[in-house]
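A short worksheet on the structure shown next.
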Amino acid sequence: MGSLRNTIRRKVTRRSFVAGAAGFAAASAVLPKTGHTADELNVLVWCDHADKKLLAPFEAKHNIKINVKTYEGTGAAVSIIEQSSPGDWDVLVIDTPDVPMVVGKGLLAPMDESTLPLSDLLKPLTSAAFNHVNGVRYAVPEKFGYYGVAYNKEKVNPADMRSAQVMWNNKYKGRVAVYDYYFPTMQLIAISMGIKPDAISMNDLPKIREKLLAMKPNIKMVGDIVSVQNALVNGDVDMIINGAEFVVSGLMPTMPQLDWTIFDEGGLMWIQGLSVFKDSKKKKLAFDFVNHVLSPEGQGALATSECYWAMPANKKAVLSAAEKKILRWDEQAAFLGRSVPSTIGRADIDSEMLDIWTEFLQKK
Amino acid sequence: MIGHWKKNFLAVVYLVAALFFIYIPVVVLVVFSFQDGQLPVPPFNGPSLQWYEKMFSNDRLVESLINSVVVAIISSLLATVMGFLAAYGMARHDIRFRAGVRFILMAPLTVSYLIIGIGLLITLNIFGIPKSLLTVGLGHIVINLPLCFAIIYSQFGGHLRNIDWAARDLGASDFQTLTRVIAPVMKPSLFAAFCLSATLSWDEFIIAFLLSRFEVTLPVIIFEMLRAGLTPEVNAAGTMVFAISMVTVAIAAIVVSVNFGARK
Amino acid sequence: MSDYLVELQGVSKKYGTTIAADNINLTISRGEFLVLLGPSGSGKTTILSMMGGFTVPSSGRLIIDGEDVTDVPPAFRPTVTVFQDYALFPHMSVYENVSFGLSMRKIPRFERDRLTQESLETVGLAGFGSRRVHQLSGGQQQRVALARAIAVEPAVLLLDEPLGALDLKIRRQMQEELVHLQKSLGATFVHVTHDQEEAMSISDNIALVNQGKIEDYGPPDRVYLRPSTLFAANFMGDSNILEGKIVSNQGGKTLVDTKIGRLRFEGEYRLGANVHVSLRPEQIRIGKAKGSEIISLGEILVSEVVFQGTHRLCHVRAGKEKDVKLLIRFPQEHIVKTGDSMSVFARESDAVLLND
Amino acid sequence: MSAPGKPVAANIQFELSRWAVHPAIIFTLVFFIIPLVAMVIISFWQRIYGKLQASWTVANYEKFFGRDYLLEALYNSIEVTLLTLAISILLAYPLAYILAYKVPSRWQRFVLILTVLPFWTAYVVRSYSWLLIISENGILNVALIAIGLIDQPLEMAYGRGATVLGFVHFFTMLLTLTIYANLVQIKASYHKAAADLGANPLQIFFRITFPLSIPGVAVGAFITFVIAIGDYITPQILGGSTEVLVPQAIMLQIARAANFPMASVMSITLMIVVVIVYFIIGKYLKMDRI
């Protein structure tokens, strides 16, 4: 009770009240920037980093508080960063293909590879292609998964799910949800057409658009993770395109009829990496946090986060046999073998993709 | 009583049907917050408090709950005070550009929360102001100020002008008139304005979503939960938000009716 | 030091293009009970409001107790206003209402208590102190408003139609009490009303206000019996207004021709002018004109009789063509019927000649 | 109201309350008007290659009005909002009428509060609880199958119907409140007088009650319009993104691409629609009577 009252008092008096009273008259510009105190670490992450089981051990060990801001998609993260002042953020969780773009904006700090447990991480993930810019490492992979299809075994023929053609299969008309992330969906289509995600050019977009729009008659709904989960669990749809382990793994213990796979035409991978901000005032702590997330315990917590499950980057991640089964631990080698990472295109292609996506959503 | 209802059979049927329609989402929300199982979908597996336990051990959620209360109370207090002062000034004086002043004060009512939020977000970016609970509170004052002003202004009748004059005539200063006479007389509508404003701020999402950073309010956390994983914890949180709003509204309704009742 | 407690010197008030008060000159003596009488919208409340300090005059000066208070706020004037709706503070008890002005003056508690009780006694509400305002009847609320005003012992008490909301009976009773209160306090009262009977029954002087101007001013009997304008004659009770023309003005006498005969007035007026003559209904009597200073009004034909308790009000037609409508008030005992025909007369001195 | 040459000292305290409107006005100017102006300005800028270009251009407007699928978001928004409005009024009016005239007066307050209480259901989870009802495994389908009315679940979730359902639920309560507030202000003597003059109940309703209740409908309708057309959550959750409404298009631009200029264009367009509606029903609106 006492601590609650203290919290309230602290918040009321120090922040809101003083600022509230002063703020109105002394308009915006003169307001002090909310610099943070030494006992806080500000991390900008996907929602899977918000779990207590991941953060609490680190907070306890260093006696600090971690401020978590979650976002969905690099675009959103960048827009949040652009709305902040330098030094506001310490750690960024980033889709590794976006690293060059964010480095290009001068936001990330170089990493000293000797301090990272790189040898414990799965090989293909650590490849220089999406961690390095001009030979310097700016990110380290922490978690990965796939874009493919998640489905209800009892409602669909699992054999149909193996092919990307299922996206246009009339059999499932009105029974399909799409996870609402534009470029992976379009890259899945590109792969089905034999175009590598990193090779998509402006010229390919009309063809991809056509195929995307052709999917629409099958689509029941498009939504974020919980919306598509909801639709699948509630029986409104039988499969989720552009979804995989991250939409169903968490549900599989209660609903064993759910499953997921990647397409035979080729899998599309997503890889989350950890980066430290160039302007962070607490780089030491930030790197410690990176190592905490990469540690076997941190990796186990991250892989089975409440928000979504997915494969940890660390081979030594602490996971139970049941958890490993759901994550398809043993099949990873095969999966990785025929998957390519999703990448973000050039700004103009990306912007055009968002437009096509909007058109897709809008199509009757 | 029974005879009365018999005569109005259709009306009773309609009323019951309407109440059913109005309450069904609430009932479903509340019932499945007690779900004993991982998913808030039928069948209902019997009552359990596990999701409430989980919710109250969720630090981010509890913290956001406190944030929401703080933002709601402080922003509503300021909105009520400014709305009251503005209503008083408008009622008491022949303000120049009166129509214009009223138009500006009421204008935010005609603009969607989303647009107000985006406008503020753009402005914060331009001036390089960091987002925080303070900016959320400012946004909430923007949306609640016109409501507070309208509610309070509508209660400023001619009798209040004379009461104001009488107090001054008897020697009360500006401040004394305001605090010892006008504010006490206006207490019911000030209270109503405050409560309405507080419940709106407490449950407001889009502005809080756009203008907050680490410290977020409860609706934002609930939205994050909604995007993160399907569990009855969302139902539990929603039930709590509803319960707190309801209690506030009920208290406001009772207090206001008692006060107005006494007036008659 | 002026003889007068209140002086309005050329006071005007304009709202945009409307003139609410037009060059008002008015003086009020100490201990006087002045009534501002006029129809609604005449500007009487504006005049009161300027005395109270709630309205700042557009031009002119207002002097109270020898000091120019034109721009002095209400609190700093020796005036207190009793509002038409009483403006009692609904969240306070009767006692708190009455002692409000005293506590604003930082009067010590003991003294404040005494003065409050005294005021409540004066208005006959001793023992009502702990009541809530909404528990009182209209008349009682009126008394609280009075008590609250007199508690601070103002030199001038301004009453804005304070009896307007009361029942007729309580109203008459309150009128008497007001006069009694005013005389016993020796205070100066300025009272606004649109009720001419009320005005006559309580005032020392009446200022009759019309269209922002003072039409007539004087003691009630003078204003009633010898109205100085056509408006005054019309507004103060019923009146028969006859159109006339001056046909002679010699030897300090003026002769006016009307449709019911030739009337004679003291004084010399401009020959040939069109004028009006006012004659009160009760000033017309039945019978043949006999003796000097009595004027025959000829034969009348009764067209309607209304019994009004104290008298019978008759609508009659007079003049040679029976085309002049008159009102006549006959005594109760005088039984008249529709269709009756009779001769009537009036006293020459009762008729009032009004300039247009 | 002020005359020249006032003694200042005596007037200071009388004048203080003149400043009473200033905090609210200044606040509204700074935190409402300035942001709107900023939004208008930025709508003429452009975001190119992730950078904001402060060069004046109408390219964003051209894009919004030039691409069918963006303009369609506007049509969708207007259609959904009008549909919501029509259904909500049809549902709310009888409810308000019953509350005002059929419920005994000592029960009215209680029933009214009962009727509008779910207005305060947690906004974010309101749509989500509808999903739990109307989805294929939801309460409604389960119940309908159980009583044998249907044997295949109805497809109700996701789509315009579901969005409108979510909206109608919320705004029926709001409109009931505003219409009720208006109906109880209509004096009973009007009805008595009309009946006395020979009007039958139907005539009384259409000639007296309904015309006098229009302001209540108008206020409720306007608030409904403003809130519904700017709402993101309901279409996002219940609509399942099977079509895009303007708020969703705006959030796509902000959350995915940080494209504030484009989001501003859409916001401004939405505001203009509201302003037009305001002018259409404005004469019935007494906003300060809400």
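Order of writing sets the labels: A, B, C and D. Residues in every chain begin at 1.
Just so we're on the same page, a contact is a pair of C-beta atoms (placed from the backbone, for glycine too) under 8 Å apart; a residue touches a chain by one contact, two chains touch by 3 or more.
All values reported here derive from a predicted model rather than from experimental measurement.
Under the touch definition stated at the top, chain C and chain D share these contacting partners: B. With steps allowed only between chains in touch, the distance from chain A over to chain C comes to 2. Most remote chain with respect to chain C, judged by CA-atom centres, is A. For this structure, the chains sharing the highest number of C-beta contacts are B-D. Taking the mean of the C-alpha atoms as each chain's centre, chain A and chain B sit 35 Å apart.
The mean-CA centres of chain B and chain C are about 54 angstrom from one another, to the nearest whole unit.
The centroid of the Cα atoms in chain B and the matching centroid in chain D are 16 Å apart. Within chain A, contacts with two or more other chains are made by residues 24, 28, 72, 82, 230, 233-234. For chain C, the set of residues touching two or more other chains reads 73, 75.
Multi-chain contact residues, meaning those touching two or more other chains, occur in chain D at positions 1, 13-14, 23, 27, 128, 132, 135, 137-138, 237, 254.
Residues of chain D touching chain B in their complex: 1, 13-14, 16-25, 27-29, 31-36, 38-39, 42, 91, 94-95, 98-99, 102-104, 109, 111, 113-115, 117-118, 120-126, 128-130, 132-133, 135, 137-139, 142, 169, 172-173, 222-223, 226-227, 229-233, 237, 247, 250-251, 254, 260, 263-264, 267, 270-271, 274-275, 278, 287-290.
Interface residues of chain C facing chain B in the complex, by the touch rule stated above, are 52-54, 73-75, 79-81, 83-85, 87-91, 100-101, 104-105, 132, 134, 148, 152.
Listing the residues of chain B that touch chain C in their complex gives 158-159, 162-163, 165-173, 176, 181, 184-185, 187, 262-264. Of all residues in chain A, only 4, 7-8, 11-12, 15-17, 19-20, 23-24, 28-29, 31, 33-34, 42, 47, 50, 52, 67-70, 72, 82-85, 88, 224-226, 229-230, 233-234, 250-251, 253-255, 306-308 touch chain B in the complex they form.
Taken together, the chain B residues at the contact with chain D in this complex read 1, 4, 8, 11, 14-15, 18-19, 21-26, 28-29, 32, 40-42, 82-83, 85-86, 88-90, 92-95, 101-102, 104-116, 118-123, 125-126, 138-139, 141-142, 145-147, 149-151, 153-154, 168, 173-175, 177-178, 199, 203-206, 210, 219, 222-223, 226, 234-235, 237-239, 241-242, 245-246, 249-250, 253, 257.
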